[in-house]
Amino acid sequence: MGAGQRINLQGNHACALGAIAAGCRFYAGYPITPSSDVAERMALELPKVGGVFIQMEDEIASMGAIIGASMGGAKVMTATSGPGFSLKQENLGYACMVEVPCVIVDVMRGGPSTGMPTRPAQGDIMQARWGTHGDHPIVVLAPSSVSEAFSETIRAFNIAETLRTPVVLLYDEVVGHLVETVQVPDPGSVARAERKWATGAREAFQPYAATDDDIPAMARPGDGYRCHATGLTHGERGLPTQNPAEVERAMQRLLGKLERHRDVIDRFETFAAEDAEILVVAIGITARAAKRAVAEARRQGIAAGLFRPVTLWPFPEQPFRALAERAKAILVPEMNAGQLSLEIERLSGRPAKVARINRLSGEPIEPAEILKTIEELARHGR
Amino acid sequence: MDHVLETRASARTPIAESSSAPAAQRAGRPLTGNEAIARGAWEAGIRVAAAYPGTPSTEIMESLADYPAEDLHAQWSTNEKVALDVAIGASFAGVRALASMKHVGLNVAADALMSLTYIGVNGGLVIVVCDDPGIHSSQNEQDTRLFSRFAMVPCLEPADAQEALVMTREAFDLSERFDTPVIIRSTTRLSHTRSLVTLGERTVPPSGHFREDPRKNVMVPAHARNRHPKLIEREAALRAYFATSGHVRWETGRRDIGIITAGTPYAYVKEVLPDASILKLPAAYPLPLDLIGRFCESVERVLVVEELEPAMETEIRAAGLKVEGKAFFPRVGELAPEVVRAGLESAGILEPQPKVEPWQLTPPARPPVLCSGCPHTMSYMALRALDARVAGDIGCYTLAALEPLRSIDTCVSMGSSIANAVGIAKAGTEAKPIIATIGDSTFLHAGIPPLIDAVYNDANITVIILDNHITAMTGGQDHPGTGRNLRGSETARVDFEQMVRACGVKWVRKVDSYNVAEMYQACREAAAFKGVAVVISDRPCVLDPVKIKGPPLEVQAKNCIACQSCMNLGCPALGWSEDMFEGHHKVRINAALCIGCTLCAQICPSDCIHPSVQ
Amino acid sequence: MAAEGIDEFDIRDYLRTELLPHFMCPGCGHGIALRALLWAVHEERIAKDQLAIVTGIGCSGRVGGYIDANTFHVTHGRPLTFATGLALARPDLEVVVITGDGDCLAIGGNHLIHACRRNLRMTCLMLNNEIYGMTGGQVSPTTSEARLTTTTPYGNAEPTFDACGLAAAAGAGLVGRGMTLQTVALKNLIREALAYRGFSFVEILSDCTEIFGRKNDLGSSPEMILRQKGSMRPDFYGNTVEHPFRPNNLTTGIIARNERPEYGDTYRSEVLAPHGHGGAAAGVSAPVE
Amino acid sequence: MNALDKESASPHGNRDAARPTNVLIVGVGGQGVLMVSKVLAALCQSEGFEVKQSEVHGMAKRGGSVFSHVRFGEQVWSPTIPRGEADIVVALEWAEGVRWLDHLKRDGGTFIADTQRIVPPISFRNRTRNAASAYAPETPAEVVALVGNGFALDATSMATGLGDRRVANTVLLGALSTVLPFAAEHWLAVIEQFVPAKTKDLNRRAFLAGRDWAVSAERVPAAAATDAVAQKVTARAIETAPAHLLTINEAWCKGCDICVKMCPERCLSLNARMVAELARPDACTACHLCEWLCPDFAIRIESAPAVKGAS
């Protein structure tokens, strides 16, 4: 990133500006607290770059619209919060199946149902992974600061475009509404990934061909390929199929596509984690509290460390496993009843050593609480 | 403006000699032959009259219904046999009665007639039978005079409306005097020709009563054997009577040629050979052979001029008299002045006329068609689509045998269709669905026994009852399915659906004749049903009882694709316009003829036919 | 039949012929509707490459797959939303939505009214066969009263939707109804819809013979197609036979025309132009820099 | 030949007073032939003549050719007019006039005809492309020239102009009145007996219009333009109808039967394999309906194929 400028930004606005910087030119959304600022900022910014903002009749329509626009060739985004995210799930699944690049922002609030619209939570971790039905590939990025809201949005677009996949940007209300100073790079200095467009003879073109990188080139309407896109299981020609071998092959490629490109996807942050005996794993605003707790613990001589998956899904398993093996205990603080901890227990190899701090009150978890638990773990083990 | 007219009118020389002042009104009233017959019957004091409509006889009963109900009871019967039996009953009861029918109706009534002739009459009984030489509107041109001879019933032949009135009136006297039913034989030309008639007064004979006489009234073998010789005696008496009847006309003219004739041919003879000696007989049966013998002696050469069969000629020849006739005159078709002249020319009596070259003109064929909006149309469209073997019947719908519907394969006689279909089915040679189509009136006339027969014998046929709520073919007469009687009063109405079910039919469906899809479907499903299936195609005739008319339809020419689907209806309101579409004429609707039935619009695949905005 | 100056229409030029025969049942009206659409496309001289077909789920949704164009078979009830995104992003494309009565009016009803309101240029063809055919014959918002379906085994008790009335009331620029029986008129109607600059909604009465027709004893395919105009029967002498049919009086042709600005035009002129963007048909798909 | 060049009137009296005058009234069922004859018969009777008027009912009245004989004189025998002895033929429809023209006296019969054309559907039964109409091709001018004393007037248009096309009959009566020896007021008095009370004035105007027209010099309607159109239609020969080719893609046909039932000419049928086939290729008019209504795109009609080697 170039020099740019430092400005004070709210997390949601940072997300919107990140999207613009990444080349987003189409936004469709429906108001929902605490995500509405994203839409408002997009409505303000998109016309300036010749993009289109539209407020649709609901979240389903917003999701449909961005997929439609993306199939037309645009870089697209929508933002919502838990209830709206639920509504988007069917079309999100369509985007996975048809491999349509798009970015979906979910600013988490208290739930389930209408819950606490203005209070933070981290209850959509599993919905972000398994929200739509059926096995499907999905990338979920979890920024924990305003600055990251900006940069991870850019990364979300680049992953989406590169890998032809929907990318969910998942952060909590605190990150969304937090105002921090952000280094915003100059326009043009942001590295933007572009979709692999179909080229060459139409006759030879197959819209879902298993290419070397498992990422099929996309045909842009009007370029002469006249392809078919369908949410039905389809073969390499894009046409519906129920041929078992063909279906198996297509689904294996679809699901394997992200694994093959973990280098593009994976991102995580560690803090004092190399020799940590007590490893804290957290995302979003909770990770920031955890980081402070870990720093204080170290100051007290406790070998604590932090592992923060910035790419939440697919979970950066390999780096985590390496740290987890060494740790005596793992602590997962999260603003939910225990979603991330499920994955951590699975990956830790020894679920018994995973401790949790769960918060459902709508209040963020304080560093002191985390520190207290670290101290207890250090005293008593697990 | 009037004076201008007068001046201009006088500028043109009129065809006929102009009478400077209007002549005194010619005496009498213009009546058709049928109206005159009805008048004659009324004047004779009849109390009961019954008929089944049939061209050209229909108007007789309609005219009788114009006379006061206190004077006489007039009714439509379900068929001619019923009508005659009603008249016979009235005669039994001692009043004068009349039954009228067309020639083929007498076949239906023949069973009763052949017994009636043995029984004779109590009250005078006259049967009016209207023949249709030339087959203007019938299925054959049988000659009723042969029937009268067969039944040994005198057969009066009026020559014009005046004679029709007088002869009818006197026929009742004749009937009672000779204890015989009397046939008045009319023909289309007499029945439907209007000429001036001097009217008489009604004379009602003293009221009679039932005469208990089983030997005469109950025809069991023992009684009938006694009656047959009476017929022979009666024939002789009538023969003598007709030699002296006031209606015998012996006109002495040229000695070289004498013409024996009767009925309407007399007018043609007078037209063509007015100076011949003429013996005009009042009755074709029985013939006054002595009188005829004397006439033959009075002239050098005798020709018999009669329409259709040589009924008189054969009998006269059999009596050993030397006459000629059918050698020069046709046995088929209607006589006319030019036909009689041609016969006389070929007999060498008249000089051949110079031959006139006909003009070379090419008018289009104009076959009769079903009316615009005729509800029968859709039934036959559906049958055409079925590619069925269709037994037709007698009625307007027989026209569906012609292009473009062309979907009737047979037509025999009243009520034949159903039994014909049974026979076709039982023959087992037909792969197509076998359908009988029969009108409501015809069904009631003679269609019920064959329907029962079909059910009884489990025939795999479909019967379409074309219920248009009227006897349409003859101009719109009521029948037991209309709920009104001859005089227009409300009466019990036959429910066809119930009746058909009562006959044992398991598959019955009533369909609106204007519902294209329903009609197609009903006919197809009925044809697929194993056994007797009945479809009742239900819509009132467009002409009766009230003239129904919706907004006429219009073709939006810009949308017409000239596919001509609608033209298959054969609707007279549909014609071609000068507009073309890909080499085909587009369609145009004659708003004056269209009644707005929407059949064409329902069939139209281009949405170009819409009701006009009125 | 070729319109003036246009080559004769050969439907095979517009089909993925390798996929034929199509999966639809014998006598299904959707094939006829598809012909009318492609015929109209031909006569409107729309290039196949520029034609984008968005379809929902159901029998109607499968129609698009046979069209040799850019075809998008999306989620149930949502084709209008996808099309909205597509048409906004790519005003250069001819976006046509093919949807069904259930797809459009039940699950997608909300999208329909907002698409009508928005008046974004696209053409929506709703193939109305009164039934959920793909799922085996359940009642739909347009199923006539008293009709039998697998979910109304005792007859449909719900009143039906007048889709055209709905679209017109919601402000759709052009609303029309056609029927498969009248292929040419339908084609002409679709031509008008395609040419219309705004949101055009065309309801197409299309027969489901195998499921709906059979269940309700509506006869064979030809009988059903003829039935489309059955309600034209005159009642001036009283209908002697009662049979319920489509309740919406079967007015065909253009039903409503609301002359309103096209949404894309407005957006470009009122929102983008002040920022120096958005030519008449500027899209957002191409990289901006 | 221009009918207008001929002498405007060819007066002819009935030289044999004993012979009745014969008027043949013809038209199409439903036009009102009977009404016209009844008016004439009633008038003749009131003028002191014996009258016979004969018609035929039944099938003939249903859109078919209808005729009525009216004979009047001191004594009338035959109810029918012998062929070639009609003094006047009145035609309510053009082709019917042409059909009955041979009943007209050759030496000076009068022919009065409405030029209205009721083209019978059967005239176009040949529904192939560019098929010619079978409607009478003779123009009014030609026929008027042929008969000598002829009047071809567009009575229907005149009646429509007066407000109701149904009074065309009365227009014709007006024309007829100029060749019969009865006073106009007598005609009108009789007509009034036969028409609905509220149309008396209309009928009076119609009668006078017809009468006026007939005494003017015209013999054919001025609107020659309509004739030109008629000529174009009727004379349009069967040009070389472009060949067409109907093909059925058996693999695509599902046997739904729509084409079979909807074909106006019933050319198609389903064969034993339930696949449509062209059973009567000769009857196919290339109307395209089957092609348009085939849900399976299985039928194709090439309207102008490059038929190789075709003559």
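Going in written order, the chains are labelled A, B, C and D, and every chain counts its residues from 1.
Methods note: a contact is a pair of C-beta atoms (placed from the backbone, for glycine too) under 8 Å apart; a residue touches a chain by one contact, two chains touch by 3 or more.
Here the structure is a predicted model, which means the values were calculated and not measured.
Closest chain to the protein centre (all Cα atoms averaged), using per-chain Cα means: C. For chain pairs C-D and B-C, the one joined by more C-beta pairs in contact is B-C. Measuring from the averaged C-alpha position of chain A to that of chain D gives a distance of 84 Å. In terms of their C-alpha centroids, the spacing between chain A and chain B amounts to 94 Å. Distance between chain centres (mean CA atoms), chain C to chain D: 47 Å. Spacing of chain B relative to chain C, judged by their CA centroids, is 58 angstrom. Looking at chain C, residues 1, 181, 183-184, 220, 222-223 sit in touch with two or more other chains. In chain B, the residues that reach two or more other chains under the touch definition are 385, 520, 561, 582, 605. The complete set of chain-chain contacts reads A-C, B-C, B-D, C-D. Of all the residues in chain D, the ones that touch chain B in their complex are 9, 11-14, 17, 21, 28-30, 38, 41-42, 45-65, 72-73, 76-80, 82-85, 87-88, 95-96, 98-99, 101-102, 106, 110, 118-125, 127, 129-130, 133-138, 143, 146, 165-166, 177-181, 183-186, 208, 211-212, 215, 229, 232-233, 241-242, 261-262, 264-266, 285-289, 292-293, 303.
Chain C makes touch with chain B in their complex at residues 1, 178-179, 181-185, 188, 218-220, 222-224, 226-227, 229-230, 232-234, 236-237, 239-241, 243, 252-253.
Chain D makes touch with chain C in their complex at residues 251-258, 260-262, 288, 292-298, 300, 303-304. Remark: chain C residues 1, 8, 10-12, 15, 20-22, 24-32, 35, 180-181, 183-184, 209, 220-223, 225 touch chain D in the complex. Taken together, the chain A residues at the contact with chain C in this complex read 23, 25-26, 28, 47-54, 56-58, 60-74, 76, 90-91, 94, 188, 192, 194, 219-232, 239-240.
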